[in-house]
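Report on the following structure.
As written, the chains take the letters A, B, C and D, and residue 1 is the first residue of each chain.
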Amino acid sequence: MTAVGFIGLGIMGSPMAGHLVAAGHHVTGFDVNRASVDRLVAAGGKGASSVAEAVREAAVVITMLPNHPQVEQVVLGEDGVLANAASGTLLIDMSTIRPETSIAVATTGVERGVRVLDAPVSGGEAGAKQASLSIMAGGTEADFAAAKPILEVLGTTIVHVGRHGAGQVVKAANQLVVAGIYALVSEAIVLLDASGVDAKSGLDVLAGGLAANRILDLKRDSMIAREFTPGFRIDLHYKDMGIVLDAARQSDVALPVSGLVAQLVAAARAMGYGSLDHSALLKVSEQLAGRS
Amino acid sequence: MTAVGFIGLGIMGSPMAGHLVAAGHHVTGFDVNRASVDRLVAAGGKGASSVAEAVREAAVVITMLPNHPQVEQVVLGEDGVLANAASGTLLIDMSTIRPETSIAVATTGVERGVRVLDAPVSGGEAGAKQASLSIMAGGTEADFAAAKPILEVLGTTIVHVGRHGAGQVVKAANQLVVAGIYALVSEAIVLLDASGVDAKSGLDVLAGGLAANRILDLKRDSMIAREFTPGFRIDLHYKDMGIVLDAARQSDVALPVSGLVAQLVAAARAMGYGSLDHSALLKVSEQLAGRS
Amino acid sequence: MTAVGFIGLGIMGSPMAGHLVAAGHHVTGFDVNRASVDRLVAAGGKGASSVAEAVREAAVVITMLPNHPQVEQVVLGEDGVLANAASGTLLIDMSTIRPETSIAVATTGVERGVRVLDAPVSGGEAGAKQASLSIMAGGTEADFAAAKPILEVLGTTIVHVGRHGAGQVVKAANQLVVAGIYALVSEAIVLLDASGVDAKSGLDVLAGGLAANRILDLKRDSMIAREFTPGFRIDLHYKDMGIVLDAARQSDVALPVSGLVAQLVAAARAMGYGSLDHSALLKVSEQLAGRS
Amino acid sequence: MTAVGFIGLGIMGSPMAGHLVAAGHHVTGFDVNRASVDRLVAAGGKGASSVAEAVREAAVVITMLPNHPQVEQVVLGEDGVLANAASGTLLIDMSTIRPETSIAVATTGVERGVRVLDAPVSGGEAGAKQASLSIMAGGTEADFAAAKPILEVLGTTIVHVGRHGAGQVVKAANQLVVAGIYALVSEAIVLLDASGVDAKSGLDVLAGGLAANRILDLKRDSMIAREFTPGFRIDLHYKDMGIVLDAARQSDVALPVSGLVAQLVAAARAMGYGSLDHSALLKVSEQLAGRS
């Protein structure tokens, strides 16, 4: 059993830390929100009152944080993970952040004798609760092998996709395809509706051919019903589209469709739909079509 | 067994007419290309030397033509289908054309006592050869019921999606989603490549999550190998994106992502990739990313 | 003085025909709307009760019609201009239509001994009334020279831009730039407003530098005041963006920014702003920004 | 005469500092590149070997730096401007950076008793050399009034556009309109060329009507000649489009056309045109149109 320091016990981190406790690991958790720490203690973990305390005795440190500024502060900051972790510690950053920051964390980690993986996840809150996350990891083969037993407690698909930052790039690619398909399905629904064609019949046909995709499978009924309970919130996908564009800048490529879709996700948020499911991109398409 | 007039014996129409012959129907075929007619005769059908001749004795007429000008000429023209078909004939137009023309054909048909369905297909040349097409039909319930035994000879998924023109609208919705997903997968590949991440590993992860789609399943290996043998040609998808935008105009809706994707398909054609598979949209994305 | 047949006496055609009368030409006008013909008669012109009658005695025929279907009917139709014009007549089609149709009209005209120019205008209703239109003409040098004295009665900038259809292409290029600048200025206003910066001060700076443009000069005050009385209606610019995309298809080029802007103009119309000035594109930008 | 500390003596900063010397101010300059400092000394200024030295005796400090990380380091950093400036100093940051950083600099400045203006410029290298810059300033009225005599040495249009950050927002709005107009003019040229219409004649017409803009005036001849010597480099406009999108995120608005144009500018850079003039956006449009 491993001594795990777990930092970031939010909607995702809390059930993840719980699974590690249940699997017999010695988990010491920290969060700026004390109630989250208490919940971990109630579940059989140990509470820490600082990053330093959570990290000091750990063989593995997991961070699950909102975005790159938090990672920069918690990991690279003055009293952060790298300043307090013992040499040889394995840091698995499971936050979804821009690849650039993951690479910077890994570089600094190596300088201080800390091994680093970026390992963002997909599958959302449900995947975290059911320990069915997809995990895409970037870093060395050896560090991935070392992390694997821990990651297998949290997810079902665990893939080593390349060197430092690669996990984030794959996550970004995933998020651009997901947002884009939502936009396309939304335009399809708008076109069907406006043409007086039953959207359900139409999408059923699409789902049976080359246009088939998981979003059609899982979400077409709720989209047709205009039911947008999250799921994965527009606000989070908005953040992720920012990462997509950052990653594109970092690698010096142009992504015109992603650039447009990012603005439509921004529109959904600006229109006040930030806390709805990302399928609410349909509301933007409808508004542009004068159908709302 | 039914007397079928079949007009348009090209890449799609030829195998379709062959299946009808094989199923025991009495098929009289016409095409401007005499060799195509000869092929049908060799397969056991009858050849006609004009639209009029193909249509005169038929209970069911099928048209499978390149685009709306051909349908206007062959069906609505002076010596066309409607001018020659007996009252009560059922015309099934299986061409992919803009909904507007399908509605005009149906309106004129009704005036002349001819029943009309629009019934475009997806599945391409392979689907036509294997009689595994998806067929989306617009028109009345009764006419759809009458057509169904014939259509079942040609395809495996046969759906009545609404009134006249609805088949074309659903086909348009299908094509916009397909082209859009190609564009998104292309941008994902470009981002992975440019970031130094193995595209195969990356897309494997995408195919296991919410980004999963049939194009990833069927085409990711060939796209990564830059293998673009058609399949369905860019030139045809270019034509279809024109129909998508026509349908949007007709229904007075705005489709911004489709509007951009249509231009990228046009770019693929302008760059000289018209006769490659539609997955060659990747070549446009690569060029925009300075990676070609 | 010239015998002029003038067909299409609408918002644009009516004052244009009036100027020709005032300049001493013998103008015989026709319109499907009889009141428009009466108005011309009151102004000193002659009224015709058919295209044929307006055309028969004319040395020059001018057509000013809504779009290509009307031109096809009025010019190419059975009892249309080409069927009735004397050999050697000069037909100046001043309608804004797709280049493809202008070329078809010219080709047919030549076959029948009628000389043809496409000569669309910009400057709108105000320009028609003040005889200050910009006129961009396509056709032969000789025909342009012959038309020039007539065109100089109607406009101030009269340019021969190339062969048949070239006038329409230049008009399309004009309209894509105009709509695009409206979209850009709209996004600038939205950004300034949302950032708490006074839009007037901001746009004043823009108008003094490389971003300077006539739309900023003429329309920034009314846009900031959200005053959208036409001017040139969204519905007309929507039609023109259709011509832009048709022209692009015809010449086999891709225009991604125009493709997106066309959809935003379509959105303005779909949202119900069709009869507002084209500067009302700002309302779409605001809606996408959650600021309306 | 004022004691001015000037930090950042690059292509822009060097001639600007020279003008201040020529106007009689006591300028102490610093740059990481020693040769730049030597040039200032040769022109009659004083050289400093650190930020601290340049700032210590100054009543006004001007910073002209590449982007926000440099401003963060030079202004906010440990031995930076704010750490060394005397209380009451006026800091004029003339760098083009994201509004967010300008606001942070102003907030920190106020805490330390330093008055701050953001005052980005347009007009490029030529404007810097000819002291004809446009300067858009954000900050308090009083600080703007105090800065004005200094700014008047550097530019001809000097406008106070609002509170802290407002200068950057206006600059961002300017850059989005400029890049967008380049994209539109490029698409117009591509359409004219591909349609066989002389681009020069066509653009001349556009320049005489509602599509008129300064870019057409200044750049249409060089664009038609495919002459792309900078001027203002694609690489810099690429940086500025990043600021546009950052500003949009900061203010929670969606800018779809800007989002697409930003990707086209990124494409120009990815294709290797980063050191050409921004009018080289035409090369992207041509490539998309298969015309290169």
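Basically, a contact is a pair of C-beta atoms (placed from the backbone, for glycine too) under 8 Å apart; a residue touches a chain by one contact, two chains touch by 3 or more.
Just so you know, these numbers come straight off a predicted model, no measurement behind them.
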item: Which of C-D and B-C has more C-beta pairs touching across its chains; value: C-D
item: Chain whose mean Cα position lies farthest from chain B; value: D
item: Geometric centre distance via CA averages, chain D-chain C, whole Å; value: 39
item: Computed distance of Cα centres, chain C from chain A, in Å; value: 51
item: Where chain B and chain C are represented by their mean Cα positions, the distance between them in whole Å; value: 36
item: Residues of chain B engaged with two or more neighbouring chains; value: 248, 252-256, 258, 260, 263-264, 267, 269-270, 288-291
item: Chain B - residues contacting chain A, complex; value: 99, 122-123, 134, 136, 138, 157, 159-163, 165-166, 169-170, 172-174, 176-178, 180-181, 183-185, 187-188, 190-192, 194-198, 201-206, 208-215, 218, 244, 247-248, 250-258, 260-261, 264, 285, 288-291
item: Residues of chain A defined as touching chain C within the complex; value: 256, 260, 263, 267, 269-272, 284, 287-291
item: Interfacial residue positions of chain A with respect to chain D in the complex; value: 242, 245, 248-249, 252-256, 258-260, 262-264, 266-267, 269-270
